[in-house]
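Presented sequentially are two complexes of subunit A, the first with subunit B as partner and the second with subunit C.
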Partner chain A sequence: MKRINATPYLLTAPGVLFFSALLGAPMVMTLLLSLHSYDYTLGIQDDWTLANYLDVFTDSYFYVIFGRTLGLSLLVTVLCILIGAPEAYILSRMRNPWRSIFLLVVLGPLLVSVVVRTLGWAILFGGNGLLAKTTAALGLGEVSLMYTMTGMTVALVHVLVPFMVIPVWASLQKMDPQSEDAALTLGASPFTVIRRITLPQITPGILSGSIICFALTAAAFATPSIIGGRRMKVVATMIYDEYKNTLNWPMGATLAALLLFANIVIITSANRLVERRFAKVFE
Partner chain B sequence: MTFLRLEDLTKRFGEFTAVENVDLSIERGEFVSLLGPSGCGKTTTLQMIAGLQEPTAGRIVLGGTDITRLPPNKRGLGIVFQSYALFPHMDATGNVAFGLEMKGIGRSERQERARAALKLVKLDHLADRFPKEMSGGQRQRVALARALVIEPPVLLLDEPLSNLDAKLREEMRIELRLLQQEIGVTTILVTHDQEEALSMSDRVVVMEDGRIAQIAAPLELYERPRDLFVSDFVGKTNLLEARVLSAGERGSVVGIEGHQIDLPGTDLGKLDKVTLSLRPEKLVMSDAADGVEAKVLAAIFLGANWLYRVQTPIGELFVTQPNSGRPGFSNGDKTWLSWPDGAVNIFSAEGRFDETH
Partner chain C sequence: MRRLGPLSYIFHTIFVIFILAPLAVVVLVSFTSKGYLSMPTDGLSLRWFKAIWDAPEFIEAFWFSVCLAFVSASAATLIAVPAALALARMTFHGRAAISSFLLSPMLIPHLVLGVAFLQFYSRLGMGGTSVGLTAAHIVVIMPYAVRLSLASITGLPRDAEQAALTLGASRFTVFRRITLPLILPGVAGGWLLAFISSFDELTMSVFVAAPATQTLPVKMYNHIVETIDPLSASVSTVTIVITFVVMLLLDRLYGIDKIFIGKS
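== the complex of A and B ==
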């Protein structure tokens, strides 16, 4: 009879227990909670129903907010690619000490607490903020980015760019810099080298960075709640409102479950696409 | 007529001079090796020819045209990099066809010529493989095909064999040389492996500290190295410091560690100190009492040869003897060591004695 080696199971047991107790259990409870109905006078009912899900799928209000969240996530991701990928490339071409200094600048936003950073943006964007005063002085009227998509996008891109720079940086490190030289000597112009040789080699990095940026934007709470406020609700802030203001916990749980589900579907299919496309090319 | 000429080529990185006043003329179809230890400037020289490094001073002339300031993508030279530098996101055909595509050659002709180039390096059966799916030797062939397919006037090889295992490396030496002769492409090989340089080249350029130490055909380089550096770097040798005891037209006598050695036919004149270089395979070990006494310290069997380390009155020497099929000497054996008159290379401080005096 084949003996089962217990060591790996025993060694992973503490971690598995930890995660199932602190992450798995609340998630299952949230899911169960979403299957109860809520009465504004009586509170959470003891029944089992899909009514909450039905509500979400039949009310255009939710479509607007889910659509906005998706749009915001895509926009932030695209901007992170456009800023982060060239940034990583330029950083990789720099020499020390400049490379270390600029890398620190890039990672800087991550060192500041999300609330403090977002309030900083709020001060810049607000009615009496620097932005409004500058545009007024330029004769463009007082522009405020508070409670706008643009404001949320700027603040989110600012903090999420490092999550694009780091994976792109990693794939640039794996790349053989001589392959660019090889393409040059084969007659390619510097622009062709970037388009045909460098870009395809850092695409896996861009894709994994995109997944991170997308997921973090879709789940972002502090920035949308401070910059976007009530006027520009996204799914995360809507969930918060359901729990804290309406006290409709089952609806909040339903929205949370749907957000998680949507995120998982989008990310796994993107991941599968990456794996299928690049399995032959990269280890 | 000279096909590729390097004139006073110099490259400085700040204070550091990597290549200094390199002058070199290469004929069409010639196979020239740049040989030297790491940091001698051989790779920098190659990169300047390729256009990947800009010379600080000097000129590069290819077929009568000055290409010194021409960007690499306008030179049309074929390069095989040490890391092969294949494009990991393209299959073998894609890699080879890339240079043709850059030349604006149509798809069908591209495919056809890429196949032909892969066939030339005996890799046509792996045309659809990606670099990741190939062995080191196969990648190396793809890199070679990719460099050759654009029909470059000059093929530049940057340590192309150093990542292969020993047996494959030897096979590739022969194959690469035959291929080069077959298509007649002018080739410059950069290597730190003296065997590689000797076995493949028409001429070898030995470099030391950014300067050319000697340019010679392989046999000449090995037999008549111009200075102690070349003598020590190319092949194995025993270097012996000697004091000149007497010198005359009929010959000289030198003393090594209190032991006298005759150098018949060599007039060392007024020289005080010289260094003798004795190749291990030029030494003869025998039981007949001739030459100097020797005691075997270590005997190493290498298959084709025996390598001995022996103790003699003139110092510890390395000796190589062919394997004749019979057991060789063993540790502690007493024997005699001699060498033919012409086998000794004599160096003074200025360089090779018979060239500088």
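== the complex of A and C ==
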């Protein structure tokens, strides 16, 4: 008979117990809260109902905000691919010390608080900002990107593009640069080399970067809140308002549960897809 | 290897400007002599840095954030190392489940964690306490500590440990004298990453923090939402400078690419 070894359970016990109490319990409580109804004079009711979910699925107001969040996430992800992947490629072809210096420049902002980075864009975009002055000087009138989709998109791409550079860079490191030289020697044009040799090899990197960018945009709070404000609400800022201003916690919990559910479904299915199609590349 | 064409350099230059522009603007604006947001066109002034000194709530928030990050990163590391030892070295029932459980906060948006903690703590009557905030931070940063500890333990050859065991050392002695020194660099890297994540965390803390327990990012966020003034820029400049110093240190100690990208 095999004896069960207690050591691994003892070693993982502190983490498991801590997480059960401080992650499991709060998450379950939030899910349960989303099943209660809310009355503006009486507060949270003791009933069990799916009314909040029905509200979300039947009210066009929520459709607009979920649609906006989805659109924003897709747009930011596509822009991160278009900007981040070429930059990772250029970085990997640079010589040291430039390569290390610019890698530091590109990844360093990840260590700077999102609030600070968003503040920079808010200053640039604001009424008295550099952008308004430049467009005014060009005779285009004072353009402000505050409280616009464009403004949110630019700022979010700035915040998230390092998350695209990192995985693409990692997959470029695995690539044999001589395969490019071989194709060139055999008469392929530089464009063909990128399309047929480089791109297929960095596709897993681009895909895993896309998953990260998409998930982080969908749940981003600070940037949409500061740049988008009340006028350009997304799911995250709407949840914040339900909890902090309207005080309709059950509705906030419903929206949070839906955000979490969408997030997990998208991440796990995208992960599956990547692993199935590119299993060989990961070996 | 193929050389880069001029188009690549143009693209690269624009990219670098794009990355640095907002940070540069924040730094420039903080040196303005005016009472409102503007570029320092007529001379540099340090009045907004002096204003930080006169508004102690930012300094208090800074030190609170430092303490919070220190305590939660240390606690997360203390929990993560033994768990990582078990997960990397032993096979047991539920290993995969425990591992995904400990890494799961990465899958959950911080916003969702924030509302969950808000409700949990207010039900327990400990809403806005620093103990609650610390526990919440430990949960959020645990995956970093676990991942970096796992990475350093997985690559470790076991010969030295087995030799020590054969020579009669107890398992605890082996851990203390052999394993721990070997995995220390990876564990320290995990601690640092956990510290930085905790220090920068906004989205979850915004829900959990009370006015008395505001971290620096929360304090700055609340300030910016109300008014974007040169004070917010000068506080940001200070954090940019501190981050820059920390980043150079990290790069010297570990190599920035290793921390973000993993072993190459």
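Everything that follows uses one rule, which is that the second predicted complex is superposed on the first by the 280 of 283 C-alpha atoms of A that agree within 3 Å, B and C clash if a C-alpha of one lies under 4 Å from a C-alpha of the other, contacts with A are read in each partner's own complex, and residues count from 1 in each chain.
Keep this in mind: a contact is a pair of C-beta atoms (placed from the backbone, for glycine too) under 8 Å apart; a residue touches a chain by one contact, two chains touch by 3 or more.
Every value quoted in this text rests on a predicted model; they were computed, and no experiment measured them.
Undergrad: Kindly classify A:W121 by the partners it touches after superposition: subunit B alone (first), subunit C alone (second), both, or neither?
TA: A:W121: touches subunit C, not subunit B.
Undergrad: One more residue to check, A:D181. First (subunit B), second (subunit C), both or neither?
TA: A:D181 contacts both subunit B and subunit C.
Undergrad: So, A:Q201: does it touch subunit B (first), subunit C (second), both, or neither?
TA: first
Undergrad: Where does A:P14 make contact in the superposed view: on subunit B (first), on subunit C (second), on both, or on neither?
TA: second
Undergrad: More residues of subunit A in touch with subunit C or with subunit B?
TA: C
Undergrad: When the two structures are overlaid on chain A, which partner does A:I264 contact: first (subunit B), second (subunit C), both, or neither?
TA: second
Undergrad: Contact-wise, after the overlay, does A:R68 reach subunit B, subunit C, both or neither (first, second, both, neither)?
TA: neither
Undergrad: Which partner chains sit in contact with A:T192 here, subunit B, subunit C, both or neither? Use first/second/both/neither.
TA: The first partner, subunit B, only.
Undergrad: In the overlay, answer first, second, both or neither for which of subunit B and subunit C A:L33 touches.
TA: second
Undergrad: Counting contacts the way the document defines them, which residues of subunit A are shared by the two interfaces, the one with subunit B and the one with subunit C?
TA: Correct list for subunit A: 181, 184, 190.
Undergrad: Mind listing the subunit B positions that touch subunit A in their complex?
TA: Subunit B reaches subunit A through residues 50-52, 71-79, 81-83, 85-89, 98-99, 102-103, 130, 132-133, 143, 146, 150.
Undergrad: Using the touch definition up top, name the residues of subunit C that touch subunit A in the complex.
TA: Residues 1-4, 8, 11-12, 15-16, 18-26, 29, 36-39, 78-80, 82-83, 85-87, 90, 92-93, 95, 98, 101-102, 104-105, 107-113, 115-120, 123, 135-136, 138-139, 142, 146, 196, 200, 202-203, 206-207, 216-217, 220-221, 224-225, 228, 232-233, 236, 239-240, 243-244, 246-247, 251, 256-257, 260-262, 264 of subunit C touch subunit A in their complex.
Undergrad: For a test of understanding, state which residues of subunit A touch subunit B in their complex under the given definition.
TA: Against subunit B, subunit A makes touches at 176, 178-179, 181-190, 192, 196-197, 200-201, 278, 280-283.
Undergrad: Write out the stretch or stretches of subunit A touching subunit C in their complex.
TA: Residues in contact with subunit C: 4-5, 7-9, 11-12, 14-16, 18-19, 22-23, 25-27, 29-30, 33, 83, 86-87, 90-91, 93-94, 100, 102-124, 126, 128-130, 155, 158, 161-162, 166, 169-170, 173, 177, 180-181, 184, 190, 215, 218-219, 221-222, 225-226, 236, 239-240, 243-244, 249, 252-253, 256-257, 259-260, 263-264, 267.
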